[in-house]
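Next, two complexes with subunit A in common: one pairs it with subunit B, the other with subunit C.
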Partner chain A sequence: MQSQSATSTMPGFAVSPLAERGGLKARERRVGWLFLVPALVAFVLVIALPFVRALALAFTRNDLQTPVPRFVGLDNFVALARMPEIAQSFAVTAAYVVLVTAFTLLLGLAWALILNQPFRGQTLLRAASLIPWVLPSTVTAFIWGWIFNSRYGVLNAALVEMGVIPLPTAWLSTSFGAMVAIVMTKVWFSIPLFMSFFLAGLQSLDREQMDAARVDGAGNWALLRDHILPHLRPVLLVVVVLGVIGNLQHFDTIYALTGGGPVRATAVLSIEVYRRAFDQWDIGMASALGLLWVTTIMPAAYFYLRHLLKGV
Partner chain B sequence: MTFSNQFQRSRRQLIALAGSGLASTLFPPTLLAQGNAMSFMSFSFAEEPNKPFVEKLLADFKASRGIGVEPIGSAWGEVQKNILLRQRSKTLPQAAQLQDRWLPAMAQLPEIVDLDALIGRAEIESALDPAVLGMARVAGKTLGVPIITGSVGMLANREVLAKAGVAKVPVTLDEFRAALIAVRDKVPNSVPFAMATKNPGSVPLDTLILVWAFGGRIIDDSGKVLVNSAEGRATLDFMAGLMKDRLIAPEIDRPDARRLFGQGAAAFYIDAPAARTFARSFSGRGEAADAFVLPIPSPVLKAGDRARSVEWGHVVSLFSSQPLAKDSPSAQWVRYLLSDPVQGSLPLQLGGLPATRSARAMPAVQGDAFLKAWAGAVGSTMKHEIGIWSNAPELSAILTEETQAAVLGQKSGAAAAASMQTRMDASMAKRT
Partner chain C sequence: MLDLNSLSARIVFALLLGLIGVFLFFPIYWLVISAFKGNSELYRIVPTLYPHDLTLEHFRTAFGRGRLGQQLQNSLLVSCSAAALNTVLAMYAGYSFAKFRYEGRRAVMVVLLSAQVFPFGLLLISLYPMVTDLGLIDTHLGLILSYIVFALPVSTYMLFSYFSQIPGEMIEAARADGAGELRIFHTIVLPVSVPALVTVFLYGFMWSWNDLLYAMTLLVSENKRTVGPGMLLAYLNEVNADWGGAMAASIVASAPIVVVFAFLQRWFIQGVTAGSVK
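And now, the complex of A and B:
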């Protein structure tokens, strides 16, 4: 606007009567907004409105006996704070996220380093490594459910056959066994994704620098510590943050394998919200818990977004 | 024809096409064809052994009344969830097959139809005994028609008992335990008592029967929680002892128990009379399987005590947000389900007793040896102490968690009973 008025007063410069109001930049902005409208509408309808509605429901009593939501202020949050099982769910979630993220990171990196070496059949193995990631999560849960099953599971069969255990063990019925099972399942199908990130990062590693380090007498550990890991630092950051977010949200294989049990040993927050909402029909309490759950994801999401925007 | 006309015509066609697409999305065929068709959610339709019987029922209804019924299969454990989700999205089926004990929770839905108003109380009472009708009545309203009745009690596998050398059906809990030990020791890879230990949909039934056997109660008729009693604690200790001695197994749900029993890998389990149908299917022996399916009285604490079983039945409820006409497809469907041709065949096929007086008097029913044995074994049939409350889903979850904690050795019987009491008290207080 300012530039237009400035130029219009300058001798010898007249603004064409056909010129866009506000100039070309403003026109670009308007067109930009126009392109944005479909995505904005979809975002409002599919994400923002349900989120705001859930937010509002968190402050209401809405269960089978109160089908029409009734405002109760912070009562749901106070009740949740007083429930020892909710504190347990937070602890279970923290343990699950830490274990899965750590193991996936280590094994994904190790597998990427192996697949980065030149050997016969490397391409085939790289492709085959993606299979766990490609499988539907329900199929994955059934495979691992079959492995850990107490009566006909392959793990029991192998251990009994080898004389390691005298009788079949109900792995999914002990707190420790159930946690190990859900962690192993998630690690198993997350490794390919992490491995792909790392492998992509390794492709841009300077070979000459590595060769020079070798000539200087660097061993494998020194190469990893002083060259590879610093090079992969940006990838590591993204992978860890994405892993934490994904593991905080994870639901399907846990539900299919253990349903959150035995007792509450694997009742992570996603399972707890589901149980409150769809087993006990306490939508108000489920929404309040969902809100608390979202706040646990926020810090990781914030770091991820900040990293992304910095890149931009 | 000018380009402009052509364009206008194609634009009109395009709009018409989009409109019809939108209409078919917003109004699925079921709704558009509501005049002479209706939808029916059924868990029997989702069970492989029972599906053909439901299909025949629907085909016969169409042939006799000219009304098509679109079946919607839903696994037993998912029906409540599906109904409540459909209620929220305003896509309820016009009729649904429900377990009788779900009705108090379903009664909260504004769309559930009071059949006293639609069919008439007198007509319903003329067909059904008050005890049967009681299954479908909540707060003075008839919220469904019972189509199959019975009780949930104990079953023994004759062949497994014979293999274990158990000649006499156990009567007391001590005898029961001894029989289980014999099965464990003589029938390899078996689960002597396929007690439900996994799912909130099944665990409460088995726990209830055992609590009653010890002379206790979980919740009394007034809603007072009584589980933290000497009897309640003894029950949980008894169950924990069974697990410790490998007489029951973890990770068992009702469908698992049915398969184990049908395949000769379990000597006892708890189920409704429909057990016979499942045994026929899972044994692969058809009607020959009837020879090993033996209904027995549930074990009691001491000889002379009366065995207990849990009231059980399937009801069909109607849903509508508008008042229904007395000759609407839904009303005709309900009347058809209570007719003699249906009641004389469907309940027997599904493995239970008919609901109507006239069908119960039929020779086919009177002469059914299995049902006769069942009737002789049930003892006192009691109301489900958890299912009758509108907060039943929460109570079931609490009962299952605390029972699991005791059975898996995470808590003592006393600690689990105390925790169960506190949590159930809180749930019942919230209800009021």
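And now, the complex of A and C:
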């Protein structure tokens, strides 16, 4: 609140609106920038500076033996390129992002179509569907960790009971099981957001056009294929881009559920960078890997920003 | 609107409703009932589908040994401060983008919004030494300031979209009356923007309340921990995890955000999806 009292006494704010044209334009510029100052200062200090610093550190050796960063050029990147575990981390990340985005997309769309139908309790169900999305990451990890628990987990009990598997599996201790667990967890709490976007898109659907198509004998599938999905195309694009960005960055529930394990089976890039930075304190390597990580996000980010700033 | 008059359409609809419904809601049901089961009932190979003997013992452990009360207090302090700070920063910037035209406006917007896609984990690597140098490591203030990373870009965009819809005549009229720019913003624009401000506050609150990564890295002392890392370390750090306690603590930690959300979800969804759906 300090910035308010400081700027309100500035003389520039009292200028009469009847000032001459050129003055008005200059004034608009000045006032516009002044309103930006608080956010810009925060942005530079907390986001831009750390980002630039991380970029610079990527080209240095900076670990426990080298507390003062020493410029090493591209050494870190060369070293990373030679590590098989880094290639594996990229592969794991790609699998995670593709699986989570695809499943969330399908289930989120289906759920939105269901909740777009009028039925009793629909409003309540819509509101309740958002719950998974607002839970703290640790809570989400607890919920799924308990469901996937090897001894007392309800999933094992159900699968054994139904005869799907003969014996309980230690889900989180096998590569495949751990991947299933982290993907299901992320899909579970991402569905609500995807659903919200789709529902918002469905609201602007042209009903008359739909009714006309129906009179022409179009069934549900035809309607979905020829009218609803084409109408949702822009939303679909936003949702996929947002989903990819979010999934590429996701850390919390993976860390809490598997910690990247067993061995490295679920060590996505976010986990790998964190481990290098805060377990091994190899800041140079962590930053270099982080830089590669950013480049994977860039294409999605480009589409997202272009969309957001359309017409601005 | 799909046509559900045919039998096959009804079956597909009911099947999908059931399957996705179970996937979404069963975990929440399981969380709640597990918290009320006693240990003898909780640790069974074939679990009971509802608690046969209700008990509050896990809630007692959560607040006692689990230090949940302290963690909730810390989380509340950090999340409210971070959300308030974020809202104030975003509202001035959003207003500037929405109602003023000047060179560099679009460029600044691009840069500010692009921050949303910087990985939080990467920023943390260099935030950590910066926070340490400022003497703010292991302090709530350090964490609050760092949380600007999470919510500022989207919050600014949300308020930008909202302010853009406010008629310019209102502002022009006040200007003609000789009101100062800050006065116009505070007494005319802000009062009609309460729903958007509340949404943005809640958005910032949610990010910081739910975060694990930053809280577990920037806070070290046990008595300063927020609920995210607090719960994780309290229940899964032992050889034998206390699942009953974890479930009970989870319910308590989720309650505030779920309750607030129940009242505000409509505004919230509008705010978050605004501008992305055209």
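Descriptive notes on the structure:
As a convention for this text, the second predicted complex is superposed on the first by the 288 of 312 C-alpha atoms of A that agree within 3 Å, B and C clash if a C-alpha of one lies under 4 Å from a C-alpha of the other, contacts with A are read in each partner's own complex, and residues count from 1 in each chain.
As a convention for this text, contacts are C-beta pairs under 8 Å (C-beta built on N, C-alpha and C of every residue); 3 or more make two chains touch, one makes a residue touch a chain.
The structure displayed is predicted, hence computed values, not measured ones.
In the superposed pair of complexes, A:Phe278 makes contact with subunit B and with subunit C alike.
By the touch criterion defined above, A:Arg151 reaches both subunit B and subunit C.
Once chain A of one complex is fitted onto chain A of the other, the partner contacts of A:Leu236 are absent, as it touches neither subunit B nor subunit C. Comparing subunit B with subunit C, the partner in contact with more residues of subunit A is C. Of the two partner chains, neither subunit B nor subunit C is touched by A:Leu105. When the shared chain is aligned, no partner comes close enough to touch A:Val268: not subunit B, not subunit C. Looking at the shared chain after the overlay, A:Leu40 reaches subunit C, while subunit B stays out of its contact range. Look at A:Ser173: by the touch rule set out above, it reaches subunit B but stays clear of subunit C. Note: residues 149, 151, 278 of subunit A belong to the subunit B contact set and to the subunit C contact set alike, using the contact criterion stated above. Remark: subunit A residues 63-65, 67, 149-151, 167, 170, 172-175, 259, 261-264, 275, 278-282 touch subunit B in the complex. Subunit A meets subunit C in the complex at residues 1, 4, 7-8, 13-14, 16-17, 28-29, 31-33, 35-40, 42-43, 46-51, 53-54, 57, 107, 110-111, 113-114, 116-118, 125, 127-132, 134-139, 141-147, 149, 151-152, 154, 157, 161, 168, 188, 191, 193, 196-197, 200-201, 204, 207, 210, 214, 219-220, 223-224, 234-235, 238, 242, 245, 248-249, 251-252, 255-256, 270, 273-274, 277-278, 283, 286-287, 290-291, 293-294, 297-298, 300-301, 304-305, 307-310, 312. For subunit C in complex with subunit A, the touching residues are 1-4, 9, 13, 16-17, 20-21, 23-25, 27-28, 30-31, 34, 42-47, 88-90, 92-93, 95-97, 100-103, 105-106, 108-128, 130, 145-146, 148-149, 152, 156-157, 172, 175-176, 178, 180-183, 185-186, 206, 209-213, 217, 227-229, 231-232, 235-236, 243, 246-247, 250, 253-254, 257-258, 261-262, 265, 269, 272-273, 275-278.
Chain contact summary for the complex, subunit B toward subunit A: residues 81, 84-85, 105, 108-110, 189, 191, 198-200, 246, 249-251, 390-391, 393-394, 397, 401, 404-405, 408, 410, 431.
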